[in-house]
C-alpha cells in the first residue's frame, strides 16, 4: 500500500477517535438530565433562593370531588368513537377523561392542537367537537359551517407565570402591570428595579429575560392577554389598543414561540432565564418553578392552586350563552388569571349516532369526570356553573328533536 | 442517489521521493481555470512546479510540497472523521436516551392518560405508521413502476415532459405536498389516514420512478431485442423479462422510498393530525403515526412524555435503518453483470 | 411447442397472432402512459390548488403584497387597514438558515468527496460513503429532538464566547450578538448542514469520478503529490458540478420543515439581525399555524407562503439541475 495511503488511513482513524471522544464527553455532560425512568409525578412547588408562596389557602383540599349526579340519562344508539381537537390548556384533563371513559366502550380521540385549531376545525366540521379556552367571537361563530355552536364549560384552570432561574424556587411575586411590561419588551432584565421591588428577599440575577409565548392560536394566550389588557396600560399601548392586545393570537413584540402549552413548557425548562405562561398542570407536573400574582383587589399575592381557582370561579358571572371570562375576579383568595375551557358543539346535529355519543360523553364529563379533575390539578366546575353547562347539553337537537331524554 | 457506486480510478504508487531530473524552473503559483484546456493546463502547471534540485543539494521545496500534501490529506480526512463523528453522536445519543425507555411494554401499549405519568408506549403510533406507509406503498409502487416503464420503454414527448416533471417533483418541499393534499381531500372529507397515505405516496412516487428508470437503463438492449425478435409482445417483454431483470435495483429504490416515508412528519401534520391516545386502525379516521407522536411528545416539558419520545425516536431510526439495510442487500444481488452505467 | 420457425410460416399465421398481443400491448401502453400523466397532473394539481387557495389573499393584498412587508400579525387582520400578512421575514429566515447550512456543508462535502473518491484506501471507500449517506436516513424529527437536547447545550459555551468576542466588534458585531437562548437561525442552519451534507457529497462524488483517469495519472507520473493531483486534475474541472451540488443542496434545505421548526425559536414578527436570534422560515410558519388559521385571510395567506416556497424551490432546483447536468450525464 502506498505510504500516503497508509498514513492517511491511520490519521483518519486517530482523528475520528479524538473527535468522537471529545464530543461524547460534551454530549454526556451537556444534555443528559433526564435521569430515571418516566415516573413523573406532580410534586409540591419547591421554594428556594428567597422565594416562597404567601397564600395559606392552597393547603386545603376540600371540594375536590364534588360528586355531581345530575347527568343526562344515557342516550341509545351512540357511535363508538368521537373525534375532537383544540385547547392544550385542557389537554391533560381530556387525556384523563377519555382514558377513563374508554371503559364504557367508547373511544373519544382528542388532539391537542391549540384553541385556535379547535375553533378552526369545528368551523370546518372536520372534527365532531372542538375545544377552546376563549369563547368564540361573533365573527367566528358566523363562519361556522354547521349553524349555531354551544359553549359547554368543562373545568376551571389557571395560567401561571413559570420561569427558569437557577437557585430560585417557586413563589416570585408578579403584578399584572409588571408582566405586561415584560411581555411588551419594556422590562428586559431579571434584576430590573420593578421586579426587585416586588421581591425584596430574592437575589434576582443580572440576566436577560427569555420571554416565551405561544406560536400557535391559543386560548391560554387569550386568558393571559385578557388579564394583561385589564392590568397593564403599557401592554395595551404597545399592542396598539384593546382590540388587538388580547385574543388567541397577538402580535408578540418580543419572545420565543413554543407550540402549545407543551412547547412553551419545553422552552421554559430548557432555557436559563426564561419566563413563560403555562396552565398550572404543566408547571406542576414538570417541577417548573412558577410565581404568584397580585389579586384584583391589590390586597395580596395569590398562589395558583385548586382552591384559589375555585374561589375565583365562584365569583364569576356568566351571560346566558356562557361566553364569559374569569380573569381578575374579586376576593382576597381569588387567583386573578383563572379560566375555563369550552367544548364547542354544534347545536343542530345531523347524525343521530354522533349526537347521542356527544351528549353521553359530555354528560359523563360534567358528572363523573369532574371527580377526576383534581388528578391533573384542575378545579371541578362549581355547582351553579355545572348546572348551566348541563343545560347546554339539553339544547342539542337532531333534525329538530332534542337528543337528551 | 444512484444505486451504483461511482467509478474510482486505480490506485497508483506515488512516491514523491522519486528523483525528478527535469531542469530547475522557478516556482509558479496558480492553476488554469477553464475545464477545456485542462490537459494543457496540467502540463503547464506541472512544468512550472518546483522540481528537485540537482543531486546533493537541499530539498526544501520538495519537502515543503510533501508537508503541504500531508497537511491537506490530514485536513480532508479530519473533515470526514468529523462528519462520521457527528453521525455517531446523533445515533449514540438517540440510542442512549431511547434505550432507557424502550421495552416490550413500549411497543405494545398506548400512552397513559395523564401525560406526566410513566410507563405506556407508542403502540398506536407504530401501528398507524405501518398502516399509513403500507397504503402509501401499495399506491405508489405500481404507479411508480408503471410510469418509469412508460418513460423508458416508450419515450416520446409526453415521456420527456413527465421525466422533467418527476425530477422537479423530487424538489417540492413535503409541507407543500401536505398543503396540496389538505386542499384536495381534507377540506372535503376531514383528517384521515387515507389523506396522509396519499400525501406520502405523492412524495414517494418521484423517488420510485427515478430509481426504477435508472435500473431499466441497466438492462441491456439486446435482451429486449431478443425477446421481441422471438415474437413476444412488448408488454409481455417488459413484464416478464425486463422488470424481473431489474428487480433487485427496483426493490432497492422502493425500500429507500419506504424508509423515507417512515420518517416524514410535516405532510402528516396537515393531513392526519394525529391521535395521541388510542389505537386506530381504520384509515378513514385520524390515526397516530410514530413521527407525529415523537414530535408532539418531544416538544413537551413532561419528563415522562419526553422519555417516551426518545424511545419512539429510537424505534423510528431502527425501522429506517432496517429498511435501508434491506435495500442495500437487495441491491447487491444484481441479476445482470456488467450492466450499463 | 411453438418454435421460431412456426412463427415465420406464412402471413395468415402472423396476422392472427398479431391481433391478440396488440390489445394487451395497447392497454399496457395506455396504463403506463396514464401513470406518467399522473405525475404531470400531480405537479399541475399542486400548483393549481395552491394558487386557488391562495387567491383570496392574493386578490385582497396584491400578488406581491405579502412580499412587501415583514410584519406577520394575523390578529390584526380584522382591524388593520394595511397588509397584516407580510412574509419577508420568513423568506429571510429560509434563505439565511439554508445559506448558513451551505457555508458549512459545501466545503465539508467537497473534502469528504475527495477523500472518498481518491484518498481513502480502496476497501474503505464503499463503507465510508455508506456512513455519510446514513446521515440522510435519520428522520427530520429526530434531528430536531437531538438538536434541542444534545446540540444546543454543546453549542451554548462556544456561542457565548462568540457573543462576547465577535459580538462586541463594531459594525459586524450585530450579526454575532447575543443573547443566545439556544433556539436560533444558527442552530437551524447547523442542523440543515448536517441533513443536507449527504446529498451534496453524493453529487460531488459522482462529479469527481468523472475526472479523466488519464489526467490524474499524468499528474502523478510527473511527480505531483496527491494533493497537487487533486488540485490540478480533479477540482478545476469540477467547479460547475460543485456549484450545482451546492444549489441542489440549498434547494433541499429550504424545504426542510420539522427539524427547523423545533430549533428556530418561532418568532414571526421581526427580522433579527443576529444569526443567534430567533426567527421563522416559510415551512415553519405553515407547520405552526396551518391547523388553526381562523382570522380573515389567515389560511389563504399561509397558502401564499406555500406558493412562494414552491416557486422558490422549483427555481432553485431547476437551476441546480441544469448546472449539474452540464458537468456530466446521469448525475443526481
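A, B and C label the chains in the order they appear, each numbered from 1.
By our rule, a residue touches a chain if its C-beta (ideal position, glycine included) is under 8 Å from a C-beta of that chain, and two chains touch if they have at least 3 such contacts.
These figures come from a predicted structure and were not determined experimentally.
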| item | value |
| --- | --- |
| Contact-richer chain pair [B-C vs A-B] | B-C |
| Innermost chain, where centres are averages of C-alpha coordinates | C |
| Between chain C and chain A, distance of the C-alpha-averaged centres to the nearest whole Å | 36 |
| Whole-Å separation of chain centres (CA-atom averages), chain B against chain C | 13 |
| Intercentroid distance (Cα basis), chain B paired with chain A, Å | 40 |
| Residues of chain C touching at least two other chains | 115, 119-121, 148-150, 225-226, 291 |
| Two or more partner chains touched - positions in chain A | 4-5, 8, 12, 23, 27, 31, 34, 85, 113, 258-259, 266 |
| Chain B: positions in contact with at least two other chains | 11-12, 14, 69, 73, 77, 80, 82, 84, 86, 89, 93, 97, 273, 299, 310 |
| Complex contact set, residues of chain C against chain A | 71, 73-76, 78-80, 115, 119-121, 124, 148-150, 152-154, 156, 179, 181-183, 225-226, 261, 265-269, 278, 280, 288-289, 291-295, 299 |
| Chain A residues within the chain B interface of the complex | 2-5, 7-8, 11-12, 15-16, 19-20, 23-24, 27, 31-32, 34, 37-42, 81, 83, 85, 91-92, 95-100, 102, 107, 109-113, 124-127, 258-260, 262-263, 265-266, 268-269, 281-282, 285-286, 288, 375-376 |
| In the complex, chain B residues that touch chain C | 1-2, 5-12, 14, 16, 18, 20, 31-33, 35, 38-39, 41-43, 45-46, 49, 51-52, 65-66, 68-69, 72-73, 75-77, 79-80, 82-84, 86-87, 89-91, 93-94, 97, 143-144, 146-147, 149-151, 153-154, 158-159, 161-162, 165-177, 179-180, 182-184, 202, 205-206, 209, 214, 230-231, 233-236, 238-239, 259, 262-266, 269-270, 273, 291, 294-295, 298-299, 309-310, 313, 316-317, 320-321, 324, 328 |
| Chain A residues touching chain C - in the complex, by the definition given at the top | 1, 4-5, 8-9, 12, 23, 26-27, 30-31, 34, 85, 113-121, 123, 139-140, 143, 208, 210, 215-217, 240, 243-244, 247-253, 255-259, 266-267, 270-271, 273-274 |
| Chain B-touching residues of chain C, taken from the complex the two chains share | 4, 7, 17, 21-22, 24-25, 27-29, 31-40, 42-43, 45-46, 49-50, 52-53, 107-108, 111-112, 114-122, 125-126, 128-135, 137-146, 148-150, 194, 197, 199, 202, 205-206, 208-209, 211, 213, 215-229, 231-233, 236-237, 239-240, 248, 251-252, 254-258, 262, 283, 286-287, 290-291, 302-303, 306, 309-310, 313-314, 316-318, 321, 330 |
